[in-house]
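Labels run A, B and C following the written order; every chain starts at residue 1.
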Amino acid sequence: MSALVQVEGLVKHFPVRRGLFGLGAREVVRAVDGVSFEIPAGRTLALVGETGSGKTTVGRALLRLVEPTDGRFTFDGIDVFGLGSPELRALRRRMQVIFQDPSGSLNPRMTVGEAIAEPLVIHRLASRAERPARVTELLAEVGLDAGFAPRYPHELSGGQRQRVGIARALALRPQFLICDEPVTALDVSVQAQVLNLLKDLQQAHGLTYLFIAHDLAVVRNVADRVAVMYAGRIVEEAPVDRLYAAPRHPYTRSLLSAVPVPDPDAPRNRIVLSGDVPSPVSPPDGCRFHPRCPHPLKGERCAREAPELRDFGGDQRAACHFGEKPM
Amino acid sequence: MFFSLAALAAPLVAPYDPAAQPGIVTLQDAPPSWAHPLGTDLYSADIWSRLVYGGRVSLGVGLLATLIALTVGVAVGATAGYARGWTDSLLMRAVDVGLAIPRIFVLLFVVTFWNRVSVGVLVLVIGLTGWFTMSRLVRAEALSIRERPFVEAARALGASPWRIISRHLLPAAAAPIIVSAALSVGNVMLLESGLSFLGFGVQPPTPSWGTMVADGQGQLATAPWTSFFPGLTIALVVMSWNAVGDALRDALDPRPEVS
Amino acid sequence: MTAPLLSVRDLKTYFVTPAGTARAVDGVSWELRPGETLAVVGESGSGKTVTSLSILRLIPEPPGHVLPGSLIEFEGRNLLTLSPPELRAVRGNGIAMVFQEPTVSLNPVFTVGDQIAEVARVHLGLSRVEARARAVEMLEQVGVPDAARRADEYPHQLSGGTCQRVMIAMALICHPKVLIADEPTTALDVTVQAQILELLERKQAELGMAVLLITHDLGIVAGVADRVAVMYGGQVVETAATRDLFAHPLHPYTAGLLASVPRLDGGRGRLSGIPGGVPPATAWPSGCRFHPRCPHAWDRCRTDEPPLLDGPAPGQSARCWLVTEPGRRKAT
C-alpha cells in the first residue's frame, strides 16, 4: 500500500537579483535541493534542521504557498503540483497547516470565532446558522470553552492562540497536517500541553503529520520517523528510536550532542562545530557538510563527491561516505 | 473631538434654517447684529446662513471627491500590492505619471476648458486627480501586510485573492487609509475654496466658503467680517478633519493601548 | 563565605497600565558571588527579564518604576541611588549585559568594529586607534574568524551566531565583574548555541566573572549554572544549588517544569505539563501565587502567601508550605 504522502526530488530555488535595476548576476538561493520522503497514513514524520536547512520551505512548497521549482508530491495518488487552481482549492480541505507564530498567524482584527469559521466560509461547508455550533465543537476539541469565540487574539495567551490555530486547521477535517514549528514559541509547560493535544488529535482523527522542528527533544516525543535536513538536503532519516540511539551522519551526531540535557550529572561531550551554516547561494562542493564535519576520516573524497543517501539497514538511510564507521 | 463634531453637525443641522439667498439691497454690509449674528455681506445676504449653506457645498465637495479618490486609490493600490509582478509595475508606472502632473494645472485646465463648471464635474475632477497618493499608500501597506503570517494562513486555507484583500489586507491597512482620507477631505476643501476664491470653482449664487472670502475682499476695511468668518471657518473645519482622522483610527483598532 | 558581588534585596518593579498596576517583580532577592554562575529560570510572565533590566536601570520610567525600598548593591554601592553619570560608568564596565536578539540589539548603521570600539573609548578612554585594535583583538578572542575584516562589516551581513559573539565582545571588552546574559542563545540554532555557551564558559573562567544567566531552558541551566533561582509570579519560588534542584525540587512549579521538558532519552509518552496558564501581573492570585495550578494545594495555600522557607539541603529554599508540612504532598 503506498503511503499517503509521497515526495520525490523536491527542489525550491529562489532567484535573487543583484546589481542595479535588476541587471547583473542572477543568483539563486538553493533553499531546498532535492528532498524525498514518504509518510504512511496516520504516522508522524519529523523534519529536523536548523536555520537555512530548508525545512520550513519544504512545508510551504508542499502546500504550494510557494511554487516548487521541481519535484513531485503525490497525495493519496494525486499529483499535487500538477493541479490547477480550483482543484488545488478543493484539495486544501484535505491538507492543512499550523504555523509557528501563534500571534502572527491569527488576524488581530478577527475574533477567535471568525478565525475558526473562516475555512468553513471559504469552502461553504456550513450555513451562517450552523457555524457557531461548529466553532464551539472545534473549540472543545482543542480544550477551549465556547466563551473564547467572541474574544480577540490579543486577549489570549500564546498557548491558547496556538490552540485556536489548531482548531482552525481542523475545521476542514483534513487528513494531513503540516505542523511548522508549532511549539517553538511557547513556554515549556504550555508546550507540553500542546504536544499532548496534537498526539490526542492524531489518535482521535487518524491524522498524518509532517512535524517541522528544530528541537530534537520535542521531536523525540512526537515522531515515528525523523529526517534530518542540512543545507537543503536530507542527510539522514530513520525510525525515531534508531536515529537517537545510533545516528550515522556526523551532523546528526553533532546536533544530538549539542542539545542541552536537563540533568546536571549527564556527561557533557558536546561536539562543537566550528563555522556557520553554509550560504544557500553557493553551497560547498561535494558534501555540503564537509567544511564543518568533525569526522576523523573526513577526506578529499568529501570535498569532491556529494554522498547519496545509502541504506544502513533497519530503514535507516544516511548521506555520508563513512556511514559504516560513524564517529 | 468636540470641535470636529460641531463642525460636522452644524453644516448639516443648520441648513434647515430659513434659506439664505441674496436679498434686499438695503441690508447691505450690515455688521453682526441680533438679526444677523455674523453680519451680512455685500449682497445683503445673511452671512451665517450663507456660511452654513456654503458649508454644505464645501463639505460635500470634500467628502465626495475624497470618496472617489479613496475608492480608486484603494482598488489600484491593493491590487498592485497584492499581485506584485508586472501588474504592480504597470499600475505603479501609471501612478507615477499621475503624480508627475501638477493637480492645480489640470484643474485649471478643465475649468477654463469648460467655462462653466458644475459642482458635480468639479467633484469628479478633484477626485480623479487625487487618488495617486492614496494608491501608493495602500500599496505600501499591502506589500507589508501580505507577508504577515495570518495572510499566509488564509492562503493555506484556500482563500481567494479577493477574500484576502477585502477581509484581511484592507482591515489591517484601515488605519493609515482613514487618516489619509480625513486629511484629504481637509485638503480638498482647501483646494475647492482656493479655486472658488479665484473664481474657478463653484459659481455664484451658490455659496461656498471660498467665494464668500472672495466676495468680502472688497469690503475688508469697512466690513471685515464678510471675509473673516468664512476664512476662519475653513481653517477650523480643516483642522477638525485632521482630528477626526486620528480619532477614527484609534477607535477602529481592537487592541488596547500598550503602555 | 565570600561577600556577594551583586546582591538584590526585595526588588519591586511595577508598571502602570490601563488594566491596573502590573507587579512584574514583586519582592525578589538573591546574591551573586564572584566567579559564580547564577541562573534565573522562568517562563513568560515570571518577571525574570524585568529583574535583569532593573539591575542596570534599563526599565522605561513611565510606565515602570522601581519601588523605593528595593536595594541593588554592587561592590558596596546601591545602584538604584547612583547619579546618571555614575550609573553610566558602571554599565558596560563593571556590569555588562548581553541580550536575546543579537541582530536587533546592534545598531544597523555602524560597523561592528565601531560599536565594539566605542565601548572601549567611552569606558577605558582609549584613542580611536587603540580602541580599534582592542576591538579586533576581542573579536578574535570570541572566536570570530578573519576578525580584522569582520570588524568592518555591518550587523545585517553577519549570522546570528556571529552577531551574538559581537555582543559578547562588546560586553567583555572592559573585563566586567558581572555579566548579565538575558536569554543569550534563545534566538540561535542549537549547534551555534553550543558554541556560544562554550565561549561564555571559557571567558568566565579566564576573566573570573560572575554570570547572571536568564533563561527558560532547563537543559542549559543543568550544564552551566552553579546555583538556580526559579521565578514565578514575580517572585523567586525556589533557589538551590543546581544539583539539588534537579535531584529533589521542593517547589511544585519546579517539579512541574522538570516534568514538562521532553527528553532526548525519553520516549513518546505524554508529558505532564502544568495545567492552566500564567496569571497576569495585574492580578496575582491570593495566597501562594501558584496555588490555582498546583496539584498539592490546600486551604492554607489559598490564603497565606508563603515566604521563602529553608529546605533540608543547605542553600535550598522554596516558597511553599510543603516545606513545613511535607505530609501534605500528594502522590502524583
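Couple of notes before you dig in:
Rule of thumb we're sticking to: a contact is a pair of C-beta atoms (placed from the backbone, for glycine too) under 8 Å apart; a residue touches a chain by one contact, two chains touch by 3 or more.
As the structure is a computational prediction, the values presented were derived from the model and not from experiment.
This structure's chain pair with the greatest number of C-beta contacts is A-C. With centres computed as the average of Cα coordinates, no chain lies farther from chain A than B. Mean C-alpha positions place chain B and chain C at a centre distance of 54 Å.
Chain A and chain C have Cα centroids lying 31 Å from one another. Our note on geometry: chain A versus chain B, Cα centroid distance of 51 Å, whole angstroms. Counting partners per residue, chain B has 256 as the residues that reach two or more other chains.
Chain contacts: chain A has no residue touching two or more partner chains. Those residues of chain B whose C-beta lies close enough to touch chain A in the complex are 148-150, 152-160, 163, 167-168, 171-172, 254-256. Across the interface of their complex, chain A is touched by residues 43-44, 145, 159-162, 189-195, 197-198, 216-223, 242-243, 246, 256-275, 277-278 of chain C. Residues of chain A that touch chain B in their complex: 63, 65, 88-89, 92-93, 96-97, 99-101, 104-109, 118-119, 122-123, 152, 154, 165, 168, 172. For chain A in complex with chain C, the touching residues are 50-51, 157-160, 187-193, 195-196, 199, 214-218, 220-223, 240, 244, 254-266, 268, 270, 272-277.
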